[in-house]
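For clarity, chains are labelled A, B and C in written order, and residue numbers in each chain start from 1.
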Amino acid sequence: MAADQQTWRRPTAFYNRTVKWLFYIGSVLFVGLLLSRTGVSPGRFWQGILFGIDLVGQMVPPTATETQFNRMMEMLGESVAMSMLATVLGVLISIPFGFLAAENLVPKPVYYLNRSIIMVSRSLHSLIVAIIFVKAFGLGVVAGVLTLSFKTIGYWSKLFAEDLEDIDRGQMEAIEATGGSRLHTIVYGVVPQVIPRAIGLTVYRWDINIRQSTIIGIVGAGGIGTVILAAFDKYQYQYASTILLAIVAVVMVGEAISAITRRRVE
Amino acid sequence: MLRTDNLQKTYESGDEALKGVSLSIEGSEIVSMIGPSGAGKSTFIRCINRLVEPTGGEVYLDETELRALGKRDLRKARRDIGMIFQEFNLVERLTVMENVLSGRLGYVSTWRAFRRNFPSEDIQRAYEILERVGLEDMENKRADELSGGQRQRVGIARAVIQQPKILLVDEPTSSLDPETSHKVLDLLTTVAKEDDIPVLINIHEVELALDYADRIVGLSDGELVWEGGTDELDEHARDIIYRGGESREGTGSAIEEEEAAEDRQEIDRQVPGGG
Amino acid sequence: MATGSLQEWQRYDRRTRIGRYLMILASLIILAISWVSLELDFGYLLSAPANLADLFVRMYPPDWGYTTTIVDPMIQTINIAIVGTIVAVIIAFPVAFLSAKNTTPNKATYVLGKFIISFSRSVNGIIWGLITVIMFGPGALAGMVAVGLRAIGFVAKLLGEEIEEIATGSVEGVRATGAGTFLVFLYGIFPQIKPALVGISIYRWDINVRISTVIGFVGAGGIGVHLFEAIETFAWRTVLLILIAILGVVIVSEALSAYLRAKVR
């Protein structure tokens, strides 16, 4: 009878208990191996931490000369301008990609082709795109705007396509039933349903683009990133911390604007 | 034996939920606390084991005054008080067995509890209790796979495995349908009688209280307004508990009488399946 | 009566419509300012596709011979993501409890928790990389710390939100049995957040893989070091090979992450 039982062990999510312990031990060994292979030693780590504390000491208080400050403001403006332009350009390009990547609206081959493009855009970090575009179009804002636009495609089209796939078929069929063409169906049956969400996505992507616009300058694609890299290279740590604070402020304001706008639209 | 002396609770919001309640529960009696919602029944129960800190008065469990205890001793005292909740309060993602064994957490070391390595007496008792509450072979189910009635049975098992000196039960059936309510109360009272544990049970359905209690106390607006056997709970007593004794004053107009009658119907309607 | 309320409704509608037009107008003005201030050359943008096509011609075919060289840095990239995630989760765990209203000890700890989260989150991973390379010198260690520092805020934020949503009744049920503080945590709280903890960690690991591919641009180890070098030396066929490898790793880790997260309940 069950009542005579004196032991109980919790059922495990693994195949059995041995597998569970092997998994845990294996994981610990694996991470240990990773650390030893990358030449991480406690001594080196500790030294780094100490140096980091020293570095923080050199960063405070944040200060900038007037020339530095002006340059910082100018390049921050450049970042924001890039993010604006790239959002508009990116979304304009993304609209057709979005429609062509909606499984319920287009034939399978078109769907897969566009999904692949979206996947490439999503998988490559903006800095990789930026560094290649810098080689193709030269240093500066053109490469930056194009980078952010390209990254916008992956984000915006994907989510937009998913919205299109979720739309209410009834409204589409109502238009189809009146004898409308495919384009008619899309324009009158689909578009009105997804407009608020498309605006929300755009505003949200703009917020992300601001963040990205502050770093792509590190590889030469314009904006404040260029300045912060130079500050670190020239050991101007107080200036660097000033720029960091300014970036954080801009990012936070962007986030707030984006959040408020989205709440009003949706 | 449990005894409260002039127990008071004023919430930070200013709500005077308990205005000095003195009550004692002895032997293995089942005491039912009835009263309108907001009377302070839950607050009273939760002040006993100090899930809510009382703001005045005393609580005695046998000879110990619980309000005087420090953290450690309070935890020891809680081991002797089994509690059963309206919403079951199980840990949904743990198995039935873990939920039951958590009734022994006051006794085992942290390391053993961490490894789910409970003493074999505890495990044996857990199996026994699961059988008593009708959940044999369910020990490895997760609590969120169970029905409401089954969950409350786990709740009962968790409280009983503590081998408590008293069971505090707060509206055990409010989340259950009428039929299950009766089954759960049958089980609860049987288990308590078998183990010789006194029970204080909050309930707002008067007829259920009458079915299961040995003694009834009435709480109204933070005060104990009535106390007596189940056969003594007449219309008059109900008036005192539920209507602040308005109609007892007897001078009420016809309209007031009518309203009182409507109220009474309202209360009676809560009796499941006509009692 | 009826007409009055109808007018009211129209007026309200007109006001929102004017608001909407103003918003569109403002956006257009800002856009125009952006356009002018960047001094963009329209012709430049139009020639973009051609320039890119030209670049791709130079990239093809990928330099398969280079494959063996990038295996190690590719593994290192994943390592950076794994170790960075582990470090971040370990640090983020207590921070999450500080930042959750229902578990933080007092007002000061709450503010501290929130501050750590927004500090970590508002500095981009690559900028953390600039800083950690100065601290630890170039190499994977700097990458791990950078990835970890950025991830702390992410993990702590999501986990803290999860902690704020736990069922307090369950915690109370365990407390009522006389369990000590730590056991209340272990039985009452931890089981409730465990699936979220696992899910968030895996999700963050997947994001960290992407960051680890570029952290090498500032010298913090991984495949980025090689990609940067190949681009600087115009070794375009090598660049394409590395891009393909990165795409493969990122896509596989995203799929793996989605699969594993679906498995944790």
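What we mean here is this: a residue touches a chain if its C-beta (ideal position, glycine included) is under 8 Å from a C-beta of that chain, and two chains touch if they have at least 3 such contacts.
Bear in mind the structure is a predicted one, so any value in this text is a computation, not a measurement.
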{"item": "Highest C-beta pair count, chain pair", "value": "A-C"}
{"item": "Chain nearest the global centroid, as defined over all protein CA atoms shown", "value": "C"}
{"item": "Reference subunit B; chain at largest CA-centroid distance", "value": "A"}
{"item": "Chain centre separation (subunit A, subunit B; CA means) in Å", "value": "53"}
{"item": "Cα-centroid distance, subunit A relative to subunit C, in whole angstrom", "value": "7"}
{"item": "Centre distance in Å when subunit B and subunit C are each reduced to the mean of their C-alpha atoms", "value": "48"}
{"item": "Shared interface positions of subunit B, touching two or more other chains", "value": "98"}
{"item": "Junction residues of subunit C, two or more chains touched", "value": "none"}
{"item": "Of all residues in subunit C, those that touch subunit B in their complex", "value": "167, 169-170, 172-180, 182-183, 186-188, 191-192, 194-195"}
{"item": "Touching residues on subunit A, where the partner in the complex is subunit C", "value": "31, 34-35, 37-40, 44-45, 47-49, 51-52, 55, 77-78, 80-82, 84-85, 88, 119-120, 123-125, 127-128, 131-132, 135-137, 141-142, 145-146, 211, 214-215, 218-219, 228-229, 232, 244, 247-248, 251-252"}
{"item": "Interface residues, subunit B side, partner subunit A - complex", "value": "95, 97-98, 116, 118, 120-121, 123-124, 126-128, 130-131, 136-137, 139-140"}
{"item": "Of all residues in subunit B, those that touch subunit C in their complex", "value": "49, 51, 75-81, 83, 85, 87-94, 98, 102-106, 110, 113-114, 155, 158, 162"}
{"item": "Footprint of subunit B on subunit A - complex, ascending", "value": "2-11"}
